[in-house]
Every structure is written in structure tokens, then in C-alpha cells.
Amino acid sequence: MKVNVEIFGQLTEITKNKYFEFTSVNDTDSLLQKIYEQFPGLQSASFVIAVNNNLIKHNTLLQDNNTVALMPPYSGG
Amino acid sequence: MPEKKIKNIFINGPILSSFIADSIQKHHTKTDIGGHSIFLGQVRADKINNKTIRAIEYTANETMALEKMYLIREEIFSKYELICMHVYHSLGNINVGEICLFVFTSSVHRKAAIEACNETVEKVKSLLPLWGKEIFDDESHQWKVNI
Amino acid sequence: MPEKKIKNIFINGPILSSFIADSIQKHHTKTDIGGHSIFLGQVRADKINNKTIRAIEYTANETMALEKMYLIREEIFSKYELICMHVYHSLGNINVGEICLFVFTSSVHRKAAIEACNETVEKVKSLLPLWGKEIFDDESHQWKVNI
Amino acid sequence: MKVNVEIFGQLTEITKNKYFEFTSVNDTDSLLQKIYEQFPGLQSASFVIAVNNNLIKHNTLLQDNNTVALMPPYSGG
């Protein structure tokens, strides 16, 4: 099982890249755990999470090929 | 169920005054309109610690932004007696003095257009997944924060 | 005492979208501006007793209107942190779908421009000695009433 | 002594002309009296009065060559 991760805004300065793939993650909590291990700087960053373009507030089960977006506070306009 | 019509709002680069004029011009055939309200966001040359912003580079989660804009549009149309509403936001590099946001509402009586325009501007700024990277004249940068 | 500078606001005939575009374009050099608010009044083809308005013919007490507009401008600038403000009103025959009023305010942060624009529109409509003669499609007419 | 009178908006439909001259009037009340005699239809019309571009609320003394404007409710925009 594979999960696509997309990083936005200032978070890309911590992750350097915008797109990542993670395997062997069942839910967003375990995905975040792996992301934090790889990019400790994200732990102090502020962001919301979307799974397949839907914002989530709680731990959410992931399915193969889901896309998870990490989005810092919006600053359009 | 009617088809959900997602309208594109993104323009690569600045929003030109000629584009705004064309948008206005297109409404001359809609003779039930009595008032238009327009908001334009322009990139400011803010000075921070002796450095001056020379541009903002905008990026977006485009799919999510368009989905959200669809919902905002539905909400605004259900709340106000609008005849039409157009929203455009720039992506990419926008220099100071250039326009990055264009919100345009029209109604029979002015009140609806004015209030809908204001509310839409607030929602666009707070609810659309868009990010502005402020580029200084020495090529350093900081990330825009909406207060 | 500084010289009292009376600015002309009158345009003979409709306000063209190209004129609006030029006005917007001129502000690109003012890089302290962050937001513009624009109101446009458009002549409506209202239907009254089976007759439809085809145009409004505007006349004014021009001298008094310009004096009053000077005072409104002073008041608005003292009340809001504006960078600039432009007001134009048509005189003469304006067909339905054409623009007869253009109010344009700009500020560092959007709130001032938006509130100043709204208040100026209200004041222009209630305080300037201007009259609209609504011409129907059968060439009869009635006089516009601002509610 | 001569006073110029200027008529605006729908009032011109009653007076037919826009510009008038009146003589032998000392104040706005006596001017109005003369105007009403000539155009009885104005008595039921709603308007404000300006003397030399200044709105007045009460009877006002007139001087030679003053301009008096009769203006119905404004309807711009």
C-alpha cells in the first residue's frame, strides 16, 4: 500500500521537495509519525491535513493511492 | 442532481486592467444590473528591516481551492440577491503594483453586490488554500501571513 | 490657507470600461496600495406599467455638485486612511447597460478602501444635486427617485 | 435690482424654461411669492433653495444679481 504526500507553502522549505510517497501506513497518525521522523522540523510547524482533498480533523484510515496534503495557514489575496 | 460546475479562478501572472475592463464590458448586455462592486488586491512594496518586497509568488492547492470556491459561491448566491459573481486570483510571480485578486459582484440594487463582494473577499483570503511567498529586493524571502 | 482644489467629476455620456481600466492602470505605480474598492452604477432596463426604461438623462447643478463633492472628499479622507479616491458621474443620455457612476478608493489595507467607497456612494446619491430623467421605450418619461 | 433664478430637474416641466429673471424682490420669501404666482404648480412641488450656491433654510435677503436655485430631491447615481 502506497500513500502520496503533497507539501504546500512554507512547509516545502523544511521538506525541500513537494511530493513524497510513503508505504506501510494505515492511517494519518502513522503517516505523520513517519513524516516527523524524516522531517523533525515539521513538528513545530502549523498545518492542516487533507485526505483526497477533504480536510480531516482526526486520525483517518488511509487506502492505497490516497493523497495526503499538508497545508500551512492560507495566505492568498 | 444538477451537475456541479467548478469554475476556474486562476490566472497565471498578474490580473491586467484590460482583463478587468473586458469583464466589466461583458455586463453591458445584462440590463437588469444596477450596481457592480469590485475589489482588487494589489501587491504592496512593504518595507521590513530595510528590505523592500518586490514581488509575491503565489502557489495553491488548485483542486481544493476550486472546490472550496464552488462552495463559497453557492453560499454567497444563497445569501444575497446576486445576478453574477466573478473571482480571479493570480498564481506565480506578481510584482509590486500589480493586481493579484479580482472579485466582481453585480446585483439589481447596490446593497447585495457590495455586501457579497466584501464577504467573498474575506472568504477567499481565509478559506482558499493559497500561499504567498514575499520576495525582497535582495532575493531573500518570507511567507505572507494573513491577519 | 491651502488652495481649495475643486476636481471635476463629470463625464459627458457613459463611463467606458476603457476609462475604468486606465484609472486602475494608473495606480500600478502607487506601490503602497494594497486594496482598491470600486463601485459602478449601471442604468437598468426597469419595466413600469408595460413600458421599459431605455435610458436615463442626467443633469446637475454642476457648480454646487462639485463644491459638495469637495466637502465629501475632505470628510472621507479625514475619516478613513485612504491613499486615493476618484469619483465620476455621467451627464447627458446614458443607455441601459451603460455605466453612469464610478467610485474608486484605494488604501494600504482593504478595510479603509471598502468602507470609504460605500460611504462615498451613499453620499454621492443623497447629497449631490443631480437629477435622472428616465426615458421609456415609447419616449415618455418619469423622473428618477432615489429611495 | 435683478435676481437670476435657475430651475432644475422635474421642476422645469412646470416652469417650461430653466432660467428666469425677477426684479423688485428683497428676499427669498418675496421671490417665492412671485414665482408661485407665475407657476402655481410649484406650490405643491418639493424642492430646496440655494442662494449663490448655498442652501438656505429660512427667508434670506437678496442682493442685486444673486442667483437663486430651485432644486427638487436629488436622484443621481
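First chain written, first letter: the chains are A, B, C and D, and each begins at residue 1.
Please note the rule applied: contacts are C-beta pairs under 8 Å (C-beta built on N, C-alpha and C of every residue); 3 or more make two chains touch, one makes a residue touch a chain.
Computed from a predicted model, the values in this text were never measured in an experiment.
Peer 1: Averaging over Cα atoms per chain, report the distance between subunit B and subunit D in Å.
Peer 2: 50
Peer 1: So what's the Cα centroid distance for subunit C and subunit D, whole Å?
Peer 2: Using C-alpha averages as centres, the distance is 27 Å.
Peer 1: Could you give the separation in Å between the centres of subunit B and subunit C, each centre being the mean of its C-alpha atoms?
Peer 2: Taking the mean C-alpha position of each chain, the two centres sit 23 Å apart.
Peer 1: From the mean C-alpha coordinate of subunit A to that of subunit D, what's the distance rounded to whole Å?
Peer 2: From the centre of subunit A to the centre of subunit D is 75 Å.
Peer 1: Give me the residue numbers in subunit D that touch at least two other chains, ranges are fine.
Peer 2: none
Peer 1: Which positions in subunit B touch two or more other chains at once?
Peer 2: In subunit B, residues 41, 121 touch at least two other chains, as defined above.
Peer 1: Looking at which chains touch which, would you call it a line, ring, star, complete or other?
Peer 2: Chain contacts: open path, no cycle.
Peer 1: What is the complete set of touching chain pairs?
Peer 2: By the stated definition, chains touch in these pairs: A-B, B-C, C-D.
Peer 1: Please give the residue numbers of subunit C that touch subunit B in the complex, ascending.
Peer 2: Answer in residue numbers: 17-18, 20-22, 24-25, 27-45, 96-99, 106, 108, 110, 114, 118, 121.
Peer 1: Can you list the subunit A residues touching subunit B in their complex?
Peer 2: 6, 8-10, 50, 53, 69, 71-77
Peer 1: What residues on subunit B touch subunit A, complex-wise?
Peer 2: 41, 58-61, 63-65, 67, 89, 100-101, 121, 124-133, 143-146
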